[in-house]
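As structure tokens, here come the structures.
Two complexes follow with chain A in common, the first pairing it with chain B and the second with chain C.
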Partner chain A sequence: MRDVAIIGAGMIPFGRRDEDTLMDMLAYASMKALDDVGLGDKSVDAVYVANMGGGMLQHQSAIASSLVDRLSLMPAAAETIENGPASGASAVKTGLLAVASGYYNYVLVVGGEKMREVTGWRATDVVATMTHPQAEYPYGITLPGMAGMFTRLYMEKYGVTREQLLAVSLKNQEMGTLNPYAHVEMALDRAGIFDLPEAVVNNPVSADPLHLYDLCPVSDGAAAVVICPLEMAKAGKGGQKSSEHANSKTPVLIAGFGQATDTQTLQERDDPTDLKAVTLAAQHAFEMAKLKPADIDVAELHDAFTILEIAESEHVGFFKKGEGGKAAVAGKTRLGGQIPINLSGGLKARGHPVGATGVAQVVDIVWQLRHELPKTRQVQKARHGLTVNFGGFGNNVLAFVLKRVEL
Partner chain B sequence: MRDVAIIGAGMIPFGRRDEDTLMDMLAYASMKALDDVGLGDKSVDAVYVANMGGGMLQHQSAIASSLVDRLSLMPAAAETIENGPASGASAVKTGLLAVASGYYNYVLVVGGEKMREVTGWRATDVVATMTHPQAEYPYGITLPGMAGMFTRLYMEKYGVTREQLLAVSLKNQEMGTLNPYAHVEMALDRAGIFDLPEAVVNNPVSADPLHLYDLCPVSDGAAAVVICPLEMAKAGKGGQKSSEHANSKTPVLIAGFGQATDTQTLQERDDPTDLKAVTLAAQHAFEMAKLKPADIDVAELHDAFTILEIAESEHVGFFKKGEGGKAAVAGKTRLGGQIPINLSGGLKARGHPVGATGVAQVVDIVWQLRHELPKTRQVQKARHGLTVNFGGFGNNVLAFVLKRVEL
Partner chain C sequence: MKKEIAITAYKCKKCGKIHYPFHDRCLVCKNREFEPLKPEGDAKLLAYTAIFNLPWGFDQRYLILGIAEFENHIKAMGQIKADSIDQLKTGMKVRPSWEPIRVQYGEDVYGLKFEPME
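== the complex of A and B ==
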């Protein structure tokens, strides 16, 4: 495998973007990533688009081909990659392997989703289409419902408390106020949340024991990266068919990648609290990168529900089982702590436009490793980052270890 | 790039499969391909599923993860690849590059679509979701409508006749009667078709100048292949994490791959009869394989409409522009002719379950190159095959050159 680096990254603000179509958002994010690297459009060999709901929500298919036309990247190859909430990481992975193979040099990976054009239960229903078609969906289970049951089991087995869940929520919503790309820009009032009568009013139960502020919002958004062989990234110029790229930014190596699947239904797992696919995906990514959890300076974990940030922080090896919640309360996952997690605000506050999320996680880590963020959310001298993108309810998980390339 | 070979191939009969779900069909085809190679299920590193309409037609997403569970292939990686009618070839390409990169050894690629659960115009509408979301879809254009306009232009420019179109239809429906996997098993009565009053009765206009028998049917179906590094295919045994595979069948090398995109709308092309993406995709595939059109012994072209078989046979270089239709009438594209095309019956008779088609084309060529077919449709001593999978209306086209590996 050739080493592959990320040379461009871009994102548009997540949230409610009624004025933009899905194609608009994909195009805007793509242009930001292409502009970031100063790459002429005729240099793009292939485009991978991460999207889950285009057919169901926009009644549109073959959006990757449409995007290539919109961006005038013809005759670049194009495919759409779908893997539920992990579609974004799956598209980055597909680009990684395509460049690593030697067949392509410059690849654009963009993820996006427009979810706000349906309201209330319909968005929840679209997300629920990733559940088991016979054993789950017909019975009305939703992703928040699964997360509620998972949380209850995790509380019983490891003593996780509501306070620990809220510590994640408070941190991530606070970070959202510092991230101009975040959907949720409202800090939670710690006193208000912990004052019980207020909590009942302000933080109602969504899927017991999860409350409103334990869940990510339904968002529109898109994010994109440009990747190429590390050697070309270092040289700062294109291969035989490419013009030079500006390369003013520090390249970020995709040092490790791991992926694993698990049973689709929770009840078929020996221990439903054991997220085997998270453990395996992270292990494989660390092995490939020849790094260990303690080497990571900053992480973006898939906190669609607060419990997931806690559980993933344990399963990837940052904390022992049962210690992740305590670590959150103790501030160990905040900026300046042992391992800062979701300084972007995470899915909780940046939002979770399904196809965009896995790409957005990578974009935020790229910004961290380039030392480009304002100091309120920049990990000083960050060298190594981790992303975890969680598909289904942990039945298809992808992890990347990213590494700053010192030139 | 490592050389990559196809070591297993399987298909289920296309047609109306009311008794099967989409997941059933994907699982059946996968098992046929896995059985074909005698590969233990724990040896599969990754699964790529080609599907376009799962969200729109089955209200289901993340089907690749679901399939991995259904087949007990965990923790194998999984993604769904979508590229309209070229989704199948795009999934094969994704698998090819993933194995070529060195990251994976054994990869299962399966394509499937269940289209018959909607009736009449709804299937046409689902396919029309691949048209331009502003410039085409809202005006009611459909794929048959585009094909009709394209046919008229092609007739005017190159003198293609209705007789030439019918020659393709007659050949492919006749081949369908010889292929147990084909949806359409009815041979057309040559006399009846060319007898004008009968033709009006039996072959009504669909999208002038295209008639009913110029169009592929709406089908259910699935097809699958298993690929691995050529060296492992030759050795007949797995790598470090694999059990031995039986390898009783002749491996087929993916010798060449090419892909190109074009404008999404026909009217933006300098010459709407010029299928630039077909020409480029085939050229790239031939260059990579170090072969030329005259070296090809058998081809599967994307005849969703009869005009496309004629146009593609010219654009890939089998015939000069304007000669493809005459060649069809002269029998040059029949078994025993200069270049036998669509001996499977093609999309016209095998059917066109969208996500399955590109994989099915590859499966049929694999069978040809292994010399496994009954002599009524086997090209004797076939060594090289070509597939062309045509996405949108020629705005994303993929071609493979496949080569029999003599052991």
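== the complex of A and C ==
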């Protein structure tokens, strides 16, 4: 297996993009990543497109075939990868394995979703189709509903409080104001959503005990990366050998990845508060990278709901069970803290166009490891990053450990 | 007339693990032979929530949902018949029934409902 590096990264601002089609967004993000690499008019060997809802939301299929045509990348191989909200990381993994195997050299991975062209009513239903079609979906359960049940159990078992959830929400929305790609660039006022009587109106219960500002927004957006063998990435960077690309930026090694699954329904887990797939995915990624949680300088965790940032920070090994919420309140997950988490604003503020999210997390860590971000969001001298992309309600999870390549 | 609860769980013939919904192989021992099992008795509420942003197909203000465990250890999701989530607590006894849970294409869809007993 060959070492594989990310040599190009691109993203378009997330949010409500009424003027763009799904294909527009996928094309814009792809072009940004391709231009970041400096491939010029050369093609790539393969294209993997992450998308969850195109079939239901846009009545569109064979999206990857459409994208290579739009970008004039023929005869590149092309596939669409659908794995619920973990589609993005699944597409990155597919590209990683294709390059690591030696079969392809240059691969474009792009994830995108256009969710705002339907009503919230319809979008909520589309996302809920990932629940069990007989044992869950007919009852009206939604992903926020699953998170609500999980949150109450987590509160009862580990003593997580609303104050701790609030700390995650405030941090991530504050970071969103510093991220030009974020869907929600609005800082929250603690008093108005928590302390004052009018907080009941400003921040109503959405999926008890979760409130409106515990949930990520429904977003449009796309993000892309270009990957190649590490040796070719070094050649391109240094220019010592002939290479296909002219990228002068620091390559980022995909040092480790892990993926694990769990039961589809919460009720069949021995302990529904135990996110086994998160633990296993992270463990596998750390083992492959020969690193430990303490070696990670910055992380992007899948905070579709504030409880998930807390729970994932414990399950990947940053904190002991029951300590993640306290760490958030103590500022340990902020820039300058023990382990900065979601400096992009996370799903909470950057937004959650489901097919794009796993790729966007990787793009944000690539920018961190290249030291390209403004100092308000940049972890100084960051060398190692972690991403966790959480599919279903924790029944299909992928983690990546990324490493800055010093040349 | 009270309708029979029309879900079937599956007990592994080798290790006794109870499955709902159906799996082709046992989640514990991978055995492929199961004995069908119908829910028995009342149930215990294991988890619950009230959702206020409902999916397409539900034309109401909110919905209370939960997971409960029957006396013969079948665990299943259902809608909860309560005016307020404040009436609920984890571990309380609930009475199951089989009632309309939504309307699709003009027809009632039946499913599990749980009513607090305390």
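As a working rule, the second predicted complex is superposed on the first by the 397 of 407 C-alpha atoms of A that agree within 3 Å, B and C clash if a C-alpha of one lies under 4 Å from a C-alpha of the other, contacts with A are read in each partner's own complex, and residues count from 1 in each chain.
Throughout what follows, a contact is a pair of C-beta atoms (placed from the backbone, for glycine too) under 8 Å apart; a residue touches a chain by one contact, two chains touch by 3 or more.
Note that the coordinates shown come from a computational prediction; the quantities given were computed from them, not determined experimentally.
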Partner chain(s) touched by A:L165 [first = chain B, second = chain C, both, neither]: neither
Of chain B and chain C, the chain that contacts the larger number of chain A residues: B
Chain B versus chain C as contact partner of A:N83, first or second or both or neither: first
Partner chain in contact with A:V225 - chain B first, chain C second, else both or neither: neither
First (chain B), second (chain C), both or neither touched by A:D69: first
Which superposed partner A:M52 touches (first chain B, second chain C, both, neither): first
Touching partner for A:T263 - first (chain B), second (chain C), both, neither: both
Touched partner set for A:A98, first chain B, second chain C, both or neither: first
Partner chain in contact with A:A182 - chain B first, chain C second, else both or neither: neither
Which of chain B and chain C A:A285 touches, first, second, both or neither: neither
Those residues of chain A which chain B touches in one complex and chain C touches in the other: 132, 263
Complex contacts: residues of chain C adjacent to chain A: 7, 19-21, 27, 46-58, 63, 65-67, 75-79, 85, 90, 101-102, 109, 111-112
Residue numbers on chain B that touch chain A, as the complex places them: 1-2, 21, 23, 52-56, 58-62, 64-66, 68-69, 73-84, 90, 93-94, 97-98, 100-104, 126, 129-130, 132-133, 137, 257, 259-264, 276-277, 280, 391-392, 395-396
Residues of chain A defined as touching chain C within the complex: 119-122, 124-125, 128, 132, 134-136, 138-142, 144-145, 148-150, 152-153, 156, 204-209, 263, 265-268, 272
